[in-house]
Each structure stands twice: as structure tokens, then as C-alpha cells.
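Pasting a structure here, questions to come.
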Amino acid sequence: MIRSCVAVIGPGEEAPPDAVRDAEDVARRIARSGWVTLCGGRAVGVMAAAARGASAEEGLVIGLLPGTDTSDAAPPLTVAIPTGLGEARNAVLVGSAQAVVACGINAGTASEIALALKAGKPVALLRPTPETAAFFESLSGDGLVHVATDAEDAIRWITTAIGRTSQ
Amino acid sequence: MIRSCVAVIGPGEEAPPDAVRDAEDVARRIARSGWVTLCGGRAVGVMAAAARGASAEEGLVIGLLPGTDTSDAAPPLTVAIPTGLGEARNAVLVGSAQAVVACGINAGTASEIALALKAGKPVALLRPTPETAAFFESLSGDGLVHVATDAEDAIRWITTAIGRTSQ
Amino acid sequence: MIRSCVAVIGPGEEAPPDAVRDAEDVARRIARSGWVTLCGGRAVGVMAAAARGASAEEGLVIGLLPGTDTSDAAPPLTVAIPTGLGEARNAVLVGSAQAVVACGINAGTASEIALALKAGKPVALLRPTPETAAFFESLSGDGLVHVATDAEDAIRWITTAIGRTSQ
Amino acid sequence: MIRSCVAVIGPGEEAPPDAVRDAEDVARRIARSGWVTLCGGRAVGVMAAAARGASAEEGLVIGLLPGTDTSDAAPPLTVAIPTGLGEARNAVLVGSAQAVVACGINAGTASEIALALKAGKPVALLRPTPETAAFFESLSGDGLVHVATDAEDAIRWITTAIGRTSQ
């Protein structure tokens, strides 16, 4: 049976400590829910934290890397997909997920949230800045965006949003 | 000599009349500046307006379409590039431009603005909503974003931003 | 630890019975070798056979689909990645593998073999047509291509080619 | 009116002198036919020759580059599109053309011929090796492939193949 995937997105090198902790916590819960974790795959920031969290719970975690090799891949990944697409991989990453959790914000993360909404995917913004929450709520009139107060809240909302498709 | 390109981005079917008028006005000015206009290529909204404006001034205008054929291409385009990449074409569109002008907002346009900033491209937001201006100004600390009051202001700022690389 | 991936490629709807049998056999052996199987993901031909074979041996199998949803995905896949890239996904598929096995030939498969060679990946051609063998051997002067007489031969050659990186 | 595009493809650094001469000759004829020339855009081999030939006849020539900037672009290009897609740009290049002319062969060029045939585009192989001609003729049962003896023959066949869509 094809397993449901949830993408954890957020900044790399410049990720703040809170976003890193949230990403690891969320990925642990994704794994415990029986879902596959998707992330951007590099060994820094939110990407590395998502790989670490999912792997700590024996969960499958797949990294979709921007480059053509796996030299910068996070070691806890189960599978590394070096897309070679540069930033166009952001569209593949969120398009492959049934739902998305954003931890922290920068330009790359903003592009992923926007591409997810464009593709009709539910997006939980985990403790977003006021500007981030206000902007994406203004974009999305159909309940696709949820401002989550913590990882538990994000997972609870996503569980409802993706329905009973998880294994 | 390779010519400079400026991308005009914005909503398609749901574009408000103001955004459509601004896009046509901006594309006319891009053409008169000797630049090539890039747009999303479809025969609706801001994409169609950009094609119409550039072509009215005998400017070159290239549409980068999401689909695999040109059946939905705006007729005034000089060249239609059916990328077949879906929304991943947004990264190619802004990555190919020296600067970007955004007229109106929706999820697809937001992804293009974010991808442009990620790639270090100057972006003029033409009469943005308050939420749009506040969000992208909060993302970009290095003068890559300009809130433009009209098409003339957008072009003036872009002319400075891309320097003397135009033909 | 990041696991090694081997791609099984070949025709979809028009795959001959021999290619389908070979693909299932090869994917069983890939799974038994502890590798992850990658394929094009659709529920037809070589793609479906690869998913079936890997899954029969409890192996992980990931499908990289050309479209934007999983409606045409092979049910035995572990994870479906709807890339939305159309045929550009062929480059992602072979670029994500440490080695490639081709079962049968058509234009899409030919593009994947060529892209794999371009990326420097070892390719086993499993019982190819004479024209296929002659062409790809003429392209590749550096031992990247192997004409395999059966699935066992293909796996033996790939095991050597990708070295001791498998888990 | 949207103009018809013909892609000229072939090796870069390792292109033999014959392929380079053929590419320049073909691109001159494409420009004189009123078509836009598409190529891979880099300043070497067949790509550079196509840009040179089209530009010598005042024709429009667009380069679709694999990288994210234009630092390696052929100077005679009219427009450079740095796709940032790596080899996945090969699918975009041939998918954007009404017809394709191949001058010389290597793995990258082979992937483009195969992707063109997959997309149903007519492909002229200009003085191909025997293995190249035999392989692609074996793939294509529907008259999509033509073995051309010289540039004039290639253009004559393409003119028929793409019909009266040129301006």
C-alpha cells in the first residue's frame, strides 16, 4: 500500500533553534503516525532536524535534494533523491506530500508554502511570524492554512486534513 | 549580444482589472527600455496583458508555459516555451530574469516572488496588498524588494537595480 | 544510513512479456540485496513489475511519476512521488540511482539510459535488441554499459559497479 | 504571432568539426526560413555554432542553459534562459521545438533525440553514425526520424514535417 507523506520544510543554515526543535518534534510525531517524512534533505537546519526526528522513531524519511549528488545529504535519511533541479525541486517536494508543516521562514520556505497552497495541499504554519501568518491567511480562503501553536497541534490538524489515508 | 530579460508575473484567470492594466503598462515600458519581457505565457490575466503590452511596442516577449503544448498560449507572444514542468516552471521563469515585477497576488505569484528573492533577483511589487508588502519586506533584508506606486516607479527602480546591462 | 538505490526502467503499456518478467525478477534481487528500487511508478509494464517484485521481497520501492497526482501509481509502491515534471522526471529518476537496469526499450527508456550515461551511472541492458546494444556501447567508452544475459548477470555486474556502498 | 522554433542539438566540448560546421549551416537556414533557433546555449561546440549561424542571418536564437546563470552562455544568443534544471532541461529544450536537428552524438544528445521522439517531434539526424541511425530508426515506426545527408536536406524535410506553421 502506498504510504502517506508529510513534508517538513524550513530554513537550512540560518534556521533559528526554535524551528529546529519544532522540526525534530514534528518529524517524530509524523513517524509515530505511520507516515513517511519528506524534507529538503540537506544536513543543516530544519532539513537535518526532520531527518533526525523521523529516524529516531524508526520512520522512513526521504530527502529531495537540490543538487546532483548526495554529498550534502543528512546522514539519518533513509533515501536521498538528488533531483538536480535546483530550487525547482521545491515544487516536487510539496507536490509529493499529502500535507506540509512549515517550521521557520525564509525565501525558499515561503516558495514551498506558496507552491503547496497552489497545489491545494494543507499547510500547518508552526509558530509563524505575524507577517507570515497574515500573508498566507490572506492568500488562502479555503481552510488550507492552519497556524499551529505547537507540534502536537500541527499533527492533530494535519491528521484531520488528510483524513483516513494514512496507513 | 545577449539581451536583458524582465519577468512580469501575476494571477491568471482571477487577476483583478488593476493588475491587468498595470501588467500591460509595465510590459510596454520594458519593451521601450529594450529589454525582453518574460511571462507565464497563458492567454489569461497578467500573462496575457504582459504579452499584449510588449508586443504593442514591438518588444520581444517569451512565455514559459506550465504545460506541454502551446494550445493555451497568449497569441501576442513572440516565442512560447511549453516547459511541461507544471509549477516547477515558476523557478525557471524568475531564474531567467534580471528583475521581476509582480502585479497582483495569488499562491502561484507568491511562489514566484519567493523564488526570485531566493535567487537574489530584484522584485518590484506593484501596488501590493498590505499583507504582501509586509511579508516580503520581512523576508528580504538586503534591498531586493521595492514597493512601487505605479508602473513608471517600478521601471525606474528596476533600471537602477539591474544596472547598465540592458542593451 | 542512506540506502543505495537502483532504478529499473523500461516501457509502460507496450512492454513485451519478457521485459515485464525480467523487471520483476531484477527488482526481487535488488530488494534481496538490501537496495531500494526506484521506478517510473505507473501501474503498467516494467514500472508495475518492478514495484511488484520489490514489494514481494519486502523491499522498499519508490515511484517517480510524471504527473501531479498518484491516481495512476502502481499499488505495491511504498512511496509515490508525483513529480509533476512530465518527461523531465526521467533525469531525476536515473540521477537518483547508483545504477540502472533497463528491461525493454522505447523512446522514454532510451532517454533514461542516455541520461544515466550522461550522469556517469552504470547501466545494465538486460537482453537488449542488437540496435540498442550497439548504440549505447558506441556512446560509452568507459565501461558504463553492460549487456546482461539475465537478471542474475545484471545484478552481479551492478554489485561490482556500485562497490561496497550497499547496506 | 507565435513563431515556430527548431532546436539544433549536439555535443559541446567534444563536438567534431563536421558537426560544428553542420550546426552553423543548419542554423543559418533555420533563420532564413523565419524560424527561431533553440539550442543548449553554452559557448562550446554545436550550441555555440547554432547561436553563431542564426545570429549571422539576423535570426532569433534562444539558449536553454543547464545552470543557474549565464556566465557560460554563447555571446551570439539573443536570449539566454538559465533553467537551473541540469540535464532535465533537455526535455524542455526539445519539448519547446516544432522539430529537431541533431548534429553529432553523445549521451546528452542521445537523450534529447529520445525525448523528442517520446514527445512526437520530428527529428532530422544530420550525417549520423550507423549505430545512431539504426537505433533511432528502430525506435520510431511512424516517420518521425529522417537521416539527412546535408543541412539542405534536413531543412527540406523539416519544412514538410512542421507544415505551414512557420511565419
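A few comments on the model shown:
As written, the chains take the letters A, B, C and D, and residue 1 is the first residue of each chain.
In this section, a residue touches a chain if its C-beta (ideal position, glycine included) is under 8 Å from a C-beta of that chain, and two chains touch if they have at least 3 such contacts.
Source: prediction; values computed, not measured.
Farthest chain from chain D (centres taken as the mean of C-alpha atoms): A.
To overlay chain A on chain B by their CA atoms, one rotates by 180 degrees, a value rounded to a multiple of 5. Residues touching across the chain B-chain C interface largely coincide between the two copies, over half of the numbers being common to both.
With centres taken as mean Cα positions, chain C sits 28 Å from chain A. Here the spacing of chain B and chain C, counted between their Cα centres, is 40 Å. In chain D, the positions touching at least two other chains are 68, 84-88, 91-92, 95, 119. By the touch rule above, chain D contacts chain C in their complex via residues 85-92, 95, 105-108, 110-111, 114-115, 117-119, 129, 131-132, 134-135, 138-140.
For chain B in complex with chain C, the residues that touch the partner chain are 68, 84-88. Put simply, chain B touches chain D in their complex at residues 1-3, 5, 36, 60, 62, 64, 68, 70, 73, 75, 77-85, 91-92, 95-96, 119.
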